[in-house]
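Each of the next two complexes has subunit A plus one other chain: subunit B in the first, subunit C in the second.
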Partner chain A sequence: MSLTFCIIFASACGVVLMRNPIHSALCLIVNLVAVAGIFAQLEAHFLAMVQIIVYAGAIMVLVVFVIMLLNAKQEEGSYSTWLIGLLAVVSGFIFVDMVGPLLSEGFPQSASATDPTVGTVEAIGRVLYTKYLFPFEAASILIMVGVVGALMLAKTDKGKQG
Partner chain B sequence: MELLILAVKAFIVLHVALGLGAVCTWIERKGSALIQDRVGANRAGAYWYPSNPLLWPIAPFIRIAGMLGIINTLLNDAVKALLKEDFVPEGTSVFMHALGPFMAALPVFLAYAVVPLAPDFTIFGYHVQAQLVRIDTGLLFILAMGSLAVYGVVFAGWTGNNKFSLLGALRASAQMISYELAMGIVFVTLIIGYGTLDLYAIVESQQDGWGINPLVHPTGWLSFIILFIVGMAETKRGPFDMPESESELVAGYFTEYSGMKFLLFWLGEFAEIALFALIISLFFFGGWHIPFVELPEGMWWAALVGHGVLMAKVLFFCVLQIVIRWSLPRFRYDQLMSLGWKGLLPLSLLNVMVTAAIHI
Partner chain C sequence: MDPVSHYLILSALMFTIGAIGFVVRRNAIVAFMCIELMLNAVNVSFVALSRHVGGLDGEIAVFFVMVVAAAEAAIGLAIVISLFRTLRSVETSDAAGLRL
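Up next is the complex of A and B:
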């Protein structure tokens, strides 16, 4: 698992440090797939598959398309204003605050490692449709609103399109 | 020992994928010749009369293989591709250019890892699963690898650094993403019908081995037809080969590829054809089960027979896809899109609803 952590860390650095936007996007794909690997190693196979299908397979394709079609140029020069520096310091503190407990207490044992029924498709489906039914449905309505909004924005000439 | 079994299994699974790809290539080459009333490849190796007497015993076999076009397809083409100049277009990233074919072929071969190729068996006291990994979400793994395969096409088209490549990549990725929706929904139908995502359990529940499983029977045929059409569209072949239509786009997204990189696209494509034939025979046609025949459980020879039966079914569907590809004319691109979004997607949604209503 530590190898996967290394891949995640290296690719996350690559996303920020790469000059060419398509290489950044590539690093992000590697990162997302590696996160799926972490899920798989924690015996949460369903989550791992969904991570690949949704993030690496669908969302990143859109990102790559945007980069390719807008023909994003290689980044030149550097932004070294004081605002960027300030933001970097603040986000660094937030990161340490988030990761600190993990480092001091060690990694929490995953629930699925002790109880094999937690990460399965059946268990997730049952929980989604009973305990978390309202958030699940609310999220789906939110996505629906997004789709309808995108359609409204994309549809410019009302006369021609049926 | 466990590790050794795993290594042997990985070797076998990879070579099943490669072998099916090679056989499909040969069927395509000779089959297209038959369909178009040509002779096809029959020269390379057909006149091999070696001067060394030690080689005389194998010479007739080589000559027959040469006459059948096997030498041409499997040996000459590979060697030619390896020796060709590896051309990289100017002004593009060499790394991304090399990544394209790998990203196109790798997910297809990875998807073979979760596909069971024979029933479980016991040999020398070891219980062997004829499947590289048995995860409880095998169905989703195939879908995930299918969604990753888009990148190869996208990168290949982008690094081609010309308009034809980019247009081909756009067409291919839009086509793959559109048809993936229908494929996912067909998979939902299967999950409802079989009640599991484990591919081995799906095949084992078709014990009678006869046609479409009775569990999904009323809607099973519809699922099969949708999945077959989607499979042809996902492999970017048959009447769905707009991304590489030579009359419009030279060769589409792989216009700028030569040598082994080009061959890798080709191999990935044929391995994908075989993969779709494999999952269709596993999902709908009983996998390794023979109708009305009960093979004994756990015997190694039964596993071998089962594997042979499965491969026979797979080859049938490969041939069917190739025959369709060489007998139907190409769609128009808008026809393709309307078939995917207005035809197959609502049909498969309806299929899910009917199946769910039956299984409530």
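Up next is the complex of A and C:
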């Protein structure tokens, strides 16, 4: 468990700290696969597989493809010290605000015993197609709008002649 | 400490790193990747809490977050491409005008 946590922390820092965008993308892929490992530890096997296929597969391939297409260069120049200091203070406050209550009060114990069938494809599919049927259909419309919108944004007028 | 607290602290850490990266980095693609990092941090806490409570609703929420992230990836990268086409740059500081 702690090894996965260390991988996630290190690769998340890598995403932010690497100067070359392609190195950031590779760090993010490592991060996403490690998060899939976390999902598997939490017995959400369906989500672990979807995480690897959708995030580490489809989305990151798209990102790496765009980096290749735009030939993005390394970031140059340094950042002003006061900006980094201000950010460190603000983000520290946010982090302590999120984590503080957990550390001081702890977390309430779970009421129900863990059920081994929760998190399988069958259980998720059953809930998705009964209780969450309308959001599921709305999600498919959202994806379709996304595809058409991406086409509209990325197409060029030159394409009409060729 | 309860095991679920570990996952929540990890999630908070990931979210904070993503938020810092989104503000600090000037490359639009890296800023986009930091958004993915933040979405993933939220996903981790969703799954951990869903496991803790013993229901499936949290995992369904993660499923929909992934759907939105996929749509966002398609639209966001198309915006980055059209930004590059007009400005010849993917730096967010260069996209300062209201009109392209």
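Note that in this section the second predicted complex is superposed on the first by the 117 of 162 C-alpha atoms of A that agree within 3 Å, B and C clash if a C-alpha of one lies under 4 Å from a C-alpha of the other, contacts with A are read in each partner's own complex, and residues count from 1 in each chain.
Just so it is clear, a residue touches a chain if its C-beta (ideal position, glycine included) is under 8 Å from a C-beta of that chain, and two chains touch if they have at least 3 such contacts.
Here the structure is a predicted model, which means the values were calculated and not measured.
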- Message: After the superposition on A, what does A:M68 contact: first (subunit B), second (subunit C), both or neither?
- Response: first
- Message: Under the stated touch criterion, which partner chain does A:V30 make contact with: subunit B (first), subunit C (second), both, or neither?
- Response: neither
- Query: Can A:V121 be said to touch subunit B (first), subunit C (second), both, or neither?
  - Reply: first
- Message: Let me test your reading of the model: by the given contact rule, A:F95 touches which partner, first (subunit B), second (subunit C), both or neither?
- Response: second
- In the superposed arrangement, which partner chain does A:A56 touch: subunit B (first), subunit C (second), both, or neither? first
- Message: Applying the document's definition of touch, where does A:C13 land relative to subunit B and subunit C: first, second, both, or neither?
- Response: second
- Query: Is it subunit B or subunit C that touches the larger share of residues in subunit A?
  - Reply: C
- Query: Which residues would you name on subunit A as touching subunit B in one complex and subunit C in the other?
  - Reply: 46, 50, 58
- So in the complex, which bits of subunit A are touching subunit C? 1, 5, 8-9, 12-13, 15-16, 21, 24-25, 28, 31-32, 35, 38-39, 42-44, 46-47, 50-51, 54-55, 58-59, 62-63, 66-67, 69-70, 72, 75, 79, 83-84, 87, 91, 94-95, 98-99, 102-103, 106-107, 109-115, 118-119, 123-124, 127-128, 132, 135, 139, 142-143, 145-147, 149-151, 153-154, 156
- Message: For a test of understanding, state which residues of subunit C touch subunit A in their complex under the given definition.
- Response: 1-2, 4-10, 12-21, 23-27, 29-30, 32-34, 36-37, 40, 43-44, 47-48, 50-57, 59-60, 62-64, 66-75, 77-82, 84-85, 90
- Which residues of subunit B touch subunit A in their complex? 93, 96, 99, 135-137, 140-141, 143-144, 146-148, 150-151, 154, 158, 166, 173, 177, 197
- Of all residues in subunit A, those that touch subunit B in their complex: 20, 22-23, 26, 29, 33, 45-46, 48-50, 52-53, 56-58, 61, 64-65, 68, 120-121
